[in-house]
Amino acid sequence: MQVKVLIFGQLTDITGLSELLVTDVSTSNELIESLTGKYPELATAKYVVALDKKVISQETQLPDNSTVALLPPFSGG
Amino acid sequence: MQVKVLIFGQLTDITGLSELLVTDVSTSNELIESLTGKYPELATAKYVVALDKKVISQETQLPDNSTVALLPPFSGG
Amino acid sequence: MTERKPKNIFKDGPIPASFIAESIQKHSTQKAIGGHSIFLGQVRADETEKGVVSAIEYTAFEEMALEKMHLIREDIFAKYPLTCMHVHHSLGTVEAGEICLFVFTSSAHRKAAINACEETVERLKAELPVWGKEIIGGESHQWKVNR
Amino acid sequence: MTERKPKNIFKDGPIPASFIAESIQKHSTQKAIGGHSIFLGQVRADETEKGVVSAIEYTAFEEMALEKMHLIREDIFAKYPLTCMHVHHSLGTVEAGEICLFVFTSSAHRKAAINACEETVERLKAELPVWGKEIIGGESHQWKVNR
């Protein structure tokens, strides 16, 4: 069981990297908990979570080899 | 006593010219009457009258050497 | 930064894309600008009862139009926090597919630029003594009507 | 004429004025067009607590942004009678004074072009996963905030 995590924008200032692989998590909440354990500043950061390019707003089962993205507020244009 | 008359847009299809001099009229109404006598189709044409570049809406005294313009509906742009 | 002297907005013939590019390029030195809004009027090959429009021939009561445009410009600058505004309108013949009107507003933020551009376009179409003669098949004509 | 395949909107570096001119020029063959509306985003040299912004470095979740832009495009085409729409957004470094966003809508009549352009700009700023990192004095940085 493996999930690819993409980190964008100001969140990369916290993580220091833009992509990581996480194993042994089965839901989005478990993933966020694991990441926040590693990067405590994520706890107060503002972002939404996208699973395979769709924003999710509640705890969701993560398929094997899925991609989760952490998206801070957009600032294009 | 002489007034310059400028004719614009579709009104030039009626008058065949874009500028004429009119003498012996002292008000805007007299001028329009005189022009409509010469060019009867003006009677049914749609236009506003400008005296020295300001639109006038009532009978106005015409100063000597003033310029009157007949302005059909604008269609710039 | 309201400009006090009436500017000439008229230009013989169509407005080339290269002219628009130069105008955009000039603003790269104005680093307080965050957004530009541009409106371009293009001559349509409309189908009419008499045939297809091949060109529009523009005439204007130039002096009166420039005075009026100056008033519109002052109103717009009073209403919106603009960095600048440029307006160019063709006179003479503009073929179908060519540009006859170029309105260009710039501001620190997009809303002011966008709203000022739209309002300027609406006002100049309604208020400037300019007329378009639609040339049809090189022989016939009819007069453009603004809606 | 809705286009069904997602188009790439991203471009490395700033959008040159010459590119905008070419895009305008290409539309001269489309003689049903009467009005074009263009919005250009330009990088501001904002004064911040840390110093003056010299450039913005744009990154995006590209795949997701292109899918989202495709949906926005379909919505806008369904709502307005457009002839065409073109959107270009910079990635990477764009210096202050340079253009980072180019939205271009065309229609037979001005209202549709103007409204569609404004709505597209608002939606893409709110909905596309794109981020701007404001570079300050070449050393420091802060993250752009859209309002």
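As written, the chains take the letters A, B, C and D, and residue 1 is the first residue of each chain.
The rule we apply is simple: contacts are C-beta pairs under 8 Å (C-beta built on N, C-alpha and C of every residue); 3 or more make two chains touch, one makes a residue touch a chain.
Just so it is clear, the structure is predicted and the values come from calculations on it, not from any experiment.
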Connectivity without chain C (remaining chains kept where they are): A, D | B
Separation of chain A from chain D, taking each centre as the mean of its C-alpha atoms, in whole Å: 27
Chain centre separation (chain C, chain D; CA means) in Å: 23
Length of the line joining the C-alpha centres of chain A and chain B, rounded to whole Å: 74
Per-residue multi-chain contacts in chain C, two or more chains: 41, 110, 121
Sequence positions of chain A contacting 2 or more other chains: 77
Pairwise chain contacts under the document criterion: A-D, B-C, C-D
Of chain C, residues touching chain D in the complex: 17-18, 20-22, 24-25, 27-45, 96-99, 106, 108-110, 113-114, 117-118, 121, 147
Residue numbers on chain B that touch chain C, as the complex places them: 6, 8-10, 13, 50, 53, 69, 71-77
For the chain C and chain B complex, residues of the former touching the latter: 41, 58-61, 63-65, 67, 89, 100-101, 121, 124-133, 143-146
